[in-house]
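Take a look at the structures listed below.
In the two assemblies presented below, chain A is common to both, partnered first by chain B and then by chain C.
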Partner chain A sequence: MFTLPVSKLNDLFAAVASTRKLYLPVDDEASGHAEYKVWHEGVTLSNALNTARSAKDFFFPQTENLVDFKMEGKTIEVIDTRTESEDFVVFGVRACDARSFDILDRVFLAEPVDSYYKNRREHGVIVTLACTRPEETCFCTVFGIDPTNPAGDVSGWIAGENLYLSANTEKGEAFLSSVSKLLAESDDEAVKAQQAEVKEILKKLPLGSLDLTPFKPENLLKLFDSKRWKDLSEACLGCGSCTFVCPTCQCYDIRDFDTGHGIKRYRCWDSCMYSDFTRMAHGNPRLTQVERFRQRFMHKLVYYPSNNEGIYSCVGCGRCLAKCPISMNIAKVIKALGEEA
Partner chain B sequence: MQSEMIKRAKELLASGEVARVVGWKAGEFDYDITPGVFTTAEELDSAFLYNDLCEANLSKYMIAQSRKEGKTLVFLKPCDTYSFSQLLKEHRILRENVYVIGVPCDGKVDVDTVKATGLTGICSMTSDGETVTVKTLYGDSTMSKADAMSERCINCKSKKHVVYDELLGEEGDVVADNHRFDMVEKIEAMTPDERFEFWRNELSRCIRCNACRNVCPACSCEKCVFDNEQSGAFNKGASDSFEENMFHIIRAFHVAGRCTDCGECSRVCPQNIPLHLLNRKFIKDINELYGEYQAGENADERAPLNTFTTEDVEPSIVYERGGKQ
Partner chain C sequence: MDLETLIPKVGVVTDIRIDTPDVKTFRVVGLDGNKLFEHMPGQCAMLSIPGVGEAMFSITSSPTNKEFMEFSIKKCGCLTSWLHMMEPGQQITVRGPYGNAFPVETALKGKDLLFIAGGIGLAPLRSVINYVRDKRDQYGDIQVIYGSRSKADLVDYQEIINEWMADPGVEVNLTIDREEEGWDGHVGFVPNFVKELSPDLNKTVLLCGPPIMIKFTLAGLKELGFTETQVYTTMELRMKCGVGKCGRCNIGDKYVCKDGPVFRFDELDELPNEY
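Moving on, here comes the complex of A and B:
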């Protein structure tokens, strides 16, 4: 384990930023939120627990161009617009978002590999930071995530006056050696003490005891046919807030944009809550908001784990709890369906 | 008030006058209240809630609920009745299928406002009408209710119920001396460049989740122009940040003269964009150019933007007014 005084954080950021882009959570005055922003001299790390938008944006941006087409007479030229991503570092990712990358990897890096996602993933180094002040909306522990011991290429802790760093991957080792001049070797006493302290807070989390046992493949039909979906979804506005702030929602739409000189084929985030989601020639297979709402939670709690060794595609970050306009969310769904099962 | 409401709802359900009740449902942390539909006395007893934290405007739900079999009872706060009345004017709600009970509102406590004071880990939040008690993972605290209310309630425009079948409490009065246009005036006083910068910065945070549009009682088109592939304005993913900004500007134009200033757009925005300021600018302009007008106040009155009079301002007004140059 390596350490650096918090007072020298700026030197660390400057050293990293001298070789590649560095993103970190920064307080945004207008919104009152923390958001990932590019570091430059004068920018300071936010103290907020988490960013309003998740860290998935780095690898899976809201919109991106896939390919261009040019038509001349009866011939169509296909132009590959992909370029090699630049190296970048994301500093201050929390344990929940770090887990979300594993969940996204299982979708985008499985065959057929998504080259756009892979390109960014390979060029990004993730430096995490352990949580010290969880919110009431946090329930990552339910999914086996330890917020005091976050994953990532490098795990980080700010305890007392020091930052502690420990590499988990080759990329992480390379990152630490690139800034080794600033780091000193250290034992993990301070980190351990902090972990013990935060674990006491975790015990008090009101959603820490959500019971996931009913959400297993054998219960698929029973859960699908539950009578509760109707009342749970009754007030749903059909907006995309939950899906767009979610670190694991990975659905997208592919569309063509006519520039007048050719076609730009792009993809953009889509939401299962939207009425045109997965619309086909015959229409939308999910006719009402009840089915769309059910899809989101069945996907996270049953379909995805059925296809991925029991891993749920929720990380308990709590963003959807804080942001849903009608305060309906996955925690309420887990409780309601659990009572029934 | 809550027990009176439950009692009345049960009576109306029992007599068969109404088939269902639209109200507010309790959540996990006191503040995460969900609009809900109740059809039995047991459901009302176990989850129906009305208190200082019930922020949601239930009027838009009546578009769909009024098309169901039988009558629907809905509880409306004063400002919600303006939205309801405006929707009646636009022939969106089947009035004969709705039973409206007006309920008093003394301003709502807003969790985001409380969080903005720096409190985190809020597990419980209750209000006695004067003081808000907040219990968090890191200790308890109290604050005055005025400090816990969102801007839309601090600058409440009216505590008057403009439409109802029955009232629990007073009809209420319009609040004449509110300060809801103060921020609009500040923005008007900016130079065009400053103003452009202000809005570019605010709107740059948009994630285009459509929460503002979907919650908005004035946005009741069956298919939004931005969702319609045949419209030429289809816009699921913006090609650049300016196009993204246009979504909000076009939406503001479309609800101009119909927006009652209920403030739901800003309440639900996950990115804290002060969207209500765009709408308030239009309201202020209409007041100044066509005479005082409050959308939703009167379901029979003709709206200024839909009515031609010889006193109407000429288009050249655009060049004669505006902020600092």
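Moving on, here comes the complex of A and C:
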């Protein structure tokens, strides 16, 4: 394990930023939220528990160009616009968001591999930061995530006056050696003490005891046919906020834009909460918000685990709890369906 | 840079056949004049006119056709209306093949086959029918029961008359919904026609058509004594990626684009009724 005084954080950021782009959570005064921003001299790391938007943008951006077309008369030219991504570092990712990358990997890196995602994934180094002040909306522990021991290429802790870093991957080791001049070797006493302290807080979290046992593939039809979907979804506005702030929501749309000089085919985030998500020329299999709402939670809690060795597609980050305009959320769904099961 | 399945190839539409008042069959080859890719019967491809849209269509030609691919497309939405306005020589984009296929090399081998289609539902089955006709000695009896609204709405009518009906190894039973002049064949809906014909119970069934026709035909087959494990169908839901990532064509935990589009009815029974 390596360490650096928190007072020297700026030197660390400057050293990293001298060779590649460095992103980190920064307080945005206008919105009052923390968001990932590019570091430059004068930018300071946010103290917020987490960013309002998840970290999925780094690998799966909200919109991205897929391919260009030039159309002339009856002919079409396909232009591959892909370029090799630049190296970058994301500093300060929390344990929940770090897990979300594993969940997205299982979708985008499964055959046939999504080259756009893979390209960014290969060029990004993830430096996580352990949580010290989990909030009432946090329930990552339900999914087996330890917020005091976050994953990533490098795991980080801020304990007392020091930052502690420990590499988990080859990429992480290369990262630490690139800034080794600033780091000193250290034991993990301070980290262990902090972990023990935070674990006491985790035990008291109100959502920490959510029971996932009914959510298994063999209950698929039973859960799908539950009477509760109707009342749970009754007030849903179909705004899609939950899907956009969600670190694991990966559904996308592909659309074309006529620039006047050609066609840009782009991919953008989409939401299963939207009425046209499944609409076809001849009809729509999910006609009302009940079906759309059900799809989102069945996907996270049953369909995804069924295809991915039981891993749930939720990391308990609590963003959807904070953002839903009608205060409906996955924790309420887990409770309601669990009671019925 | 890695190969990317979302980046399409350019195809040239070399021939357009008017099948019915709202169905055209498009013949497509690559820019070099050769077939764009190989496929198995039942697989699909994403066709697009850039700037208009992209959608999944079943490949109607048989893999045994080594010269070109064909797509029979009904005009029913934005993209299909544009496709119907094309003239020969027009280029489109194509990517694929996607999805599984009818198990022609495994479960269907050596079996007596019964194809039941309604309307444009013949499109995905035509690929299988011509495949098994070209490999005739590897399969048992072949029977095709096909119905449409009217004679003019029978897709591939010329091929059915000139090739399938002329083929001694194939039994073809056609029906149309209502009486019309110049038609001396059977009149009535497909599900009833199937019950009247009462096909042999050892046949393996490949069924495709509008949802309502599939529902009643399956019920009729069960009445006759067929089991769901004998009946295959092919599904269609909205798709964007074609490779199980964009998240919209799922029925329960199965993606129609990659786990389907071909399902056996007992497999569908284990999935939510959301299609």
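Keep in mind that, in the parts below, the second predicted complex is superposed on the first by the 341 of 341 C-alpha atoms of A that agree within 3 Å, B and C clash if a C-alpha of one lies under 4 Å from a C-alpha of the other, contacts with A are read in each partner's own complex, and residues count from 1 in each chain.
Methods note: contacts are C-beta pairs under 8 Å (C-beta built on N, C-alpha and C of every residue); 3 or more make two chains touch, one makes a residue touch a chain.
Remember, it's a predicted structure, so these values are computed and weren't measured experimentally.
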For the combined arrangement obtained by superposing on chain A, do chain B and chain C clash, or do they fit? fit
Applying the document's definition of touch, where does A:325 land relative to chain B and chain C: first, second, both, or neither? first
Which of chain B and chain C A:270 touches, first, second, both or neither: both
For A:47, using the defined touch cut-off, is the partner it touches chain B, chain C, both, or neither? Pick first, second, both or neither. neither
For A:206, using the defined touch cut-off, is the partner it touches chain B, chain C, both, or neither? Pick first, second, both or neither. first
For A:291, decide between first (touching chain B), second (touching chain C), both and neither. second
Using C-alpha centres in the superposed arrangement, which angle lies between chain B and chain C as seen from chain A, in steps of 10 degrees? 90
Tell me which partner A:253 touches in the superposition: chain B (first), chain C (second), both or neither. both
Quick check for you: in the superposed arrangement, does A:82 touch first (chain B), second (chain C), both or neither? second
So, A:30: does it touch chain B (first), chain C (second), both, or neither? first
Which partner does A:241 contact after superposing on A: first (chain B), second (chain C), both, neither? first
Superposed on chain A, how close does chain B come to chain C by Cα atoms? Whole Å, please. 10
Chain B and chain C footprints on chain A, overlapping residues: 253, 267, 270
Quick one: which bits of chain A touch chain C in the complex? Just the residue numbers, please. 66-67, 69, 71, 74-78, 80, 82, 84, 107-108, 110, 112-116, 118-119, 217, 220-221, 224-225, 250-254, 256, 258, 263, 265, 267, 270, 272, 277-282, 285-286, 291, 295, 298-299, 302-304, 306-307
Mind listing the chain B positions that touch chain A in their complex? 27-29, 31-37, 56, 61, 116, 120-123, 136-138, 201-202, 205, 207-211, 213-215, 227, 236-239, 264, 267-268, 270-273
Touching residues on chain A, where the partner in the complex is chain B: 28, 30-33, 35, 49, 52-53, 62-63, 133-136, 201, 204-207, 231, 234-235, 237-241, 243-245, 253, 255, 257, 264, 266-271, 274-276, 321, 323, 325-329, 331-332
Footprint of chain A on chain C - complex, ascending: 1-10, 50-54, 76-78, 80, 87, 89-93, 236-238, 240-241, 243-250, 252-253, 270, 272, 274-275
